[in-house]
Amino acid sequence: MALQRSGPETVEFDVHTDELLVNMGPQHPSTHGVLRVVVRADGEVVSEVTPQIGYLHRCAEKIGENVTPRQWIPYTDRMDYLAGMNMNLGWALTVEKLLRMELPERARHLRVLIAELGRIASHLVAAGTYGLDLGSFTPFMYCFRERERILDLFELVCGARLTYSYITIGGVTADLPPGWLEECEAFLDQFNPVIDELHAMLTSNAIFIRRTAKIGVLAPEVAIDYGCTGPVLRGSGVSWDLRRDGEPCYTKMYEGYRFEVIAQVDGRYPQDQKYPPVPAAAVLGDSWHRFYVRMLEVVQSVGLVRQAIERYRRSPPDCGEPIRITQKLPKGEAYLETEAPKGQMGFMVISDGAAIPWRARARSSSFCNLSVISELCRGCLIADVPSVLGSLDIVLGEIDR
Amino acid sequence: MDINWHSFFFLLVALLTCAFALAVVISSNIVRMAFYLVLSLGGVAGLFFLAGADFLGGLQLLVYVGGTLVLLAFGVMLTARAPLVSMKTAPGQWVLAAVVGGCLLAVLLQVAWSVGQWAGPGRPGVLEEEAKPTAAPLGLGLVGVRVDQLDVDRRADLTEKEKKAREAGMSGYLVAFEVISVHLVVVLIGAAYLARAKRRVDAPLARPPQT
Amino acid sequence: MAELLKSFVPVWLAYSTAAAVNAALLVVLALMVAAVCNWLERKVAGRIQDRLGPTRVGGRFGWLQSVADGLKLLAKEDLIPQGADRLLFRAAPYVSFCAACSLYLALPLADGWVALQLNSAVFFILAVAGLEVLGVILAGYASGSKWSLFGAMREAAQVVSNEIPLALCALIPVMIAGSMDLVEIGNRQEGWLTNWLVFHDPFTFLTFFVYLTCAVASVNRAPFDLAEAESELVAGFMTEYSGFRWGVFFMAEYASMFVISGLAAILFLGGWNGPVPIAQWLGLTRDVGPLAAWLGNFLGMCNMLLKCSLGVLVMMWLRWTLPRLRIDQVMTVCLRYCIPLAAVALLGAMWWTYMWPGGW
Amino acid sequence: MDVSAILQRLTERFGPRITGSNLEAIDPWIEVAPEGLPEVCRHLRDEPELRFNLLNCITGVDYLQVDPKRKLEFEPHVEVIYHLWSLVHKHRLVLKVRLPRWKDGIEGRLPEVPSVTGIWSTANWHEREVYDLSGIWFAGHPDLRRILCPEDWVGHPLRKDYQMPVEYHGIRGR
């Protein structure tokens, strides 16, 4: 009996059932991290959802005003802890934009390689936990098994599994160890059948489709109005990806790479003949489409990593020298947004000529993606709230900073 | 000293049922009342099983304990907000209730003792012809004893197979039971229809405010 | 048993010990089933998720895992939340455990090997299976928290509405076999595979699958496990339970899962009669002699246990592959698909037995 | 359409309310008077050639030199920076609003700027964060509450002259 929000039905009201104020508290298995969602429900039907954030607020921006840019890199790791590499990349590129610094060829390809591997790892977590939200435990295990392999690769590169601080301003802390590329290719070769398994278990699973199709439908204008970016925006059919449409100093990293932006433009996904078709029940912009966009993006990223490996091998051996810790920043300010797995992650640095920036600002994508949930969950059932929350794929470390 | 186990358990379960029925009346917490009601009706089902009518016992369990009391628990659970949970009864009402209850108990006991055959322990209720008309046959018929063929029961020349068939046909007059059940269904459907949720759904907020 | 003891001890002691031993046997059977299912579930889940499951707890395949779980549950402190109704909170798990255990009273494991041969055994099992929901409702209400209230309401709505199609589907084999006594239904299906009721006619074949769906829903497993949907309601009605009380709920769930698949085995899959009538070939039938009859029954019991565990395996397999349905989708499946299908199957089976009484 | 063309359009349309700009900076920006902000923003969003439909980020920056050794290049003030993007024309713009550190000079009265929640809904949460951390009051915001710090927190952490409280609910701060 999900109430469809078609026209304004005026049904007279005689049985007074008082509204139940239920909150999915900070420690709730299906809120990804420390998020409290206050749900005002009448029986099973949700009338109002208001998320409460701030439980994980560490005021990283205030610390940014007391440490030099290279010392702030570990703080960017802890923002979106599921894709630490992409956060480092964002901050490094912003400061390089301020310094007007050019990177050698090899460093650029190395960064593309590592960033796309980070994106695969983050999307695997998103797919796994989404299956967990809807009750099927097994895809979670498959996704995390693959993610473990990627983390092993990262461990070989920089010694850490979650908080890397690998990509710094001026390049990377250390070049790739010998034999790493072969292991990375071995991982990629055995990865494709796993994606087909996930498609079989989730995307084309009848119960999964019933739990996600036509739930949490987000219109493109509302998405842009609420500032949603990344898979949430592309799930609503807006073909917008910073790797192609971003600022020059970010898109020049991806120059010469062949990849497609995954969005359903006039009814078709790019290369969708290889993947399960869009079910009839799915409406553009619902939870199913957001999930489907992430699954296809993983395939694009695999292609990108292969191209990056091949270009990395051909590029000259110099992979850039990180700047000195106490190097003075020129006076001025720079803002740059990069395509992190969860959306557009923006960093801003303002400096007045000293080594320590005057102001460091981080704009989080999940912050805006989460703000749209009150719009999506009006009139759905209580069981749909985790389904919508899972499809938005938010991380609280990034929201609360 | 051999104890007739059958009567012992019968009495035990009967006492338990009465005790829980009393608890239903005495307890103030409405949810505990529902729980004690479950136990007492379960006791009645136990009595049916001990009396050998296991179909009737199953029926009692299914219809009353499994069906009605689940709905009762449902109703109690949904309405049991703080003020409703503990319903204290004023002392005056206790006295009135005790008096009325006592009278009813007296009447029932008198009726029970007046039937000669039931007085003595140890003889399962095989009935002789009854001189003056009483309500007992009607009650027995309800329970399922074929009151109209009582004389057939005592004929000695019943073959084993025929006796077994009569035994199987014990629950003859179940019609009354069915009538009550159908009545119950009608009542439930009516209640569901009356309480169907009619709610005003205000116009959905189409777009964020376009001021 | 009672006559044996009568010679040593006074009569009433003999009878009471015999009764006590039988009762204990039943409860131990239920506990054994729960213990084995617990270990089996972990192993099956492991295999499905490409990992090993418990391997080191006590010997080769970690078979002591359930004992370890039991000890852990006993050692854990089972606290009662402050807002809870103390009596009901304690009573609820035992209500649902008694309901689940008393199911074993009427479940025959072989021809004649049954605790209490009721001539309305199917009806008894369906009636008592409906009682389990009472324990859940009491638990939901007594824990005092909104979440368990939600879980209890969903559970009650689901189980009560699933009893109807379950009863309809159980009616068909009873109608074909002509009696509600499980032993009789089982004996009617002896001989070759084709005598099984599931292959009796296409309608019973359809009924078997509808029965399986409703059985999974009424036992609250796999895609229909709304009550303890961990993603939305934390743990449904079991949120506030911990330690041994939670274990009791868990045992009740496994016990009723085993009985429901046992019922399916007897009603549709020929109970203790194997696909090939080996017992008849080896001459282990009742008329040959008491020992042969005992051996034949033993073989039958192994068959029955195999089929029950097969049913339990299917339920576990469903649980670890399919996501969970929403409450209104569960109700739609039950009210809009299962009941009409069961009704059609009933009519079809009736028409079929009328047209070809002796079987086709 | 680069920033100079946009600046030229805005100055001819709004005149005195565009109070400055800097086209040589890495991210060229335009300064707008606080009162004229909503009209300029609505124009930027609705104008067919501009169509700035994505508000990326609102940032509050506090310019106050607390370090005695450093010399003072600017007089103390507070800035609110709006980053706008157009998905349609793929161009970017930075708007700045310059405010006094405290409203009409009285310590503790937060500077005011009209809210743009009506134009972009994403501003709702961003403005709440800027209010919470940088202490800038957004007039006309539907429910301006703290979003990251606890409701009963005192002070705005990102202000340069912010002192960490000695104790908060029994937890020692300093």
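We just call them A, B, C and D in the order they show up, numbering each chain from 1.
Keep this in mind: a contact is a pair of C-beta atoms (placed from the backbone, for glycine too) under 8 Å apart; a residue touches a chain by one contact, two chains touch by 3 or more.
A quick note: this is a predicted structure, and the numbers were derived from the prediction, not measured.
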item: Graph distance between chain C and chain D, where chains that touch are linked; value: 2
item: Most distant chain from chain B by Cα centroid; value: D
item: Centre-of-Cα separation between chain B and chain A, whole angstrom; value: 62
item: Chain A and chain D, separation of their C-alpha mean positions in angstrom; value: 26
item: Approximate Å spacing (C-alpha centroids) for the pair chain B, chain D; value: 74
item: Residues of chain B whose C-beta touches two or more other chains; value: 208
item: Where chain D touches two or more other chains, by residue; value: 121
item: Contacts with two or more other chains, residues of chain C listed in rising order; value: none
item: Parts of chain C lying in touch with chain B, wherever the complex brings them together; value: 11-12, 15, 85, 87-88, 91, 95, 118-120, 123-124, 126-128, 130-131, 133-134, 137-138, 140-142, 149, 152-153, 156, 160, 163
item: Sites on chain A touched by chain D in the complex; value: 53-54, 57, 59, 61-62, 65, 97-98, 100, 222, 224-227, 229, 238, 240, 245, 247, 332-335, 337, 344, 346, 348, 350, 352, 354, 358-359, 361, 363, 367-368, 371, 400-401
item: Complex contact set, residues of chain D against chain A; value: 25-27, 53-57, 59, 61, 70, 73, 81, 83, 87, 90, 92, 94, 120-122, 124-126, 129, 133, 146-150, 157-158
item: Contact set on chain C toward chain A in their complex; value: 45, 48-51, 146-147, 150, 223, 225, 229-232, 234, 320-329
item: Complex interface listing, chain A residues touching chain C; value: 1-2, 20, 22, 24, 28-30, 44, 131-138, 141-142, 145, 201-202, 205, 207-208, 210-211, 381-386
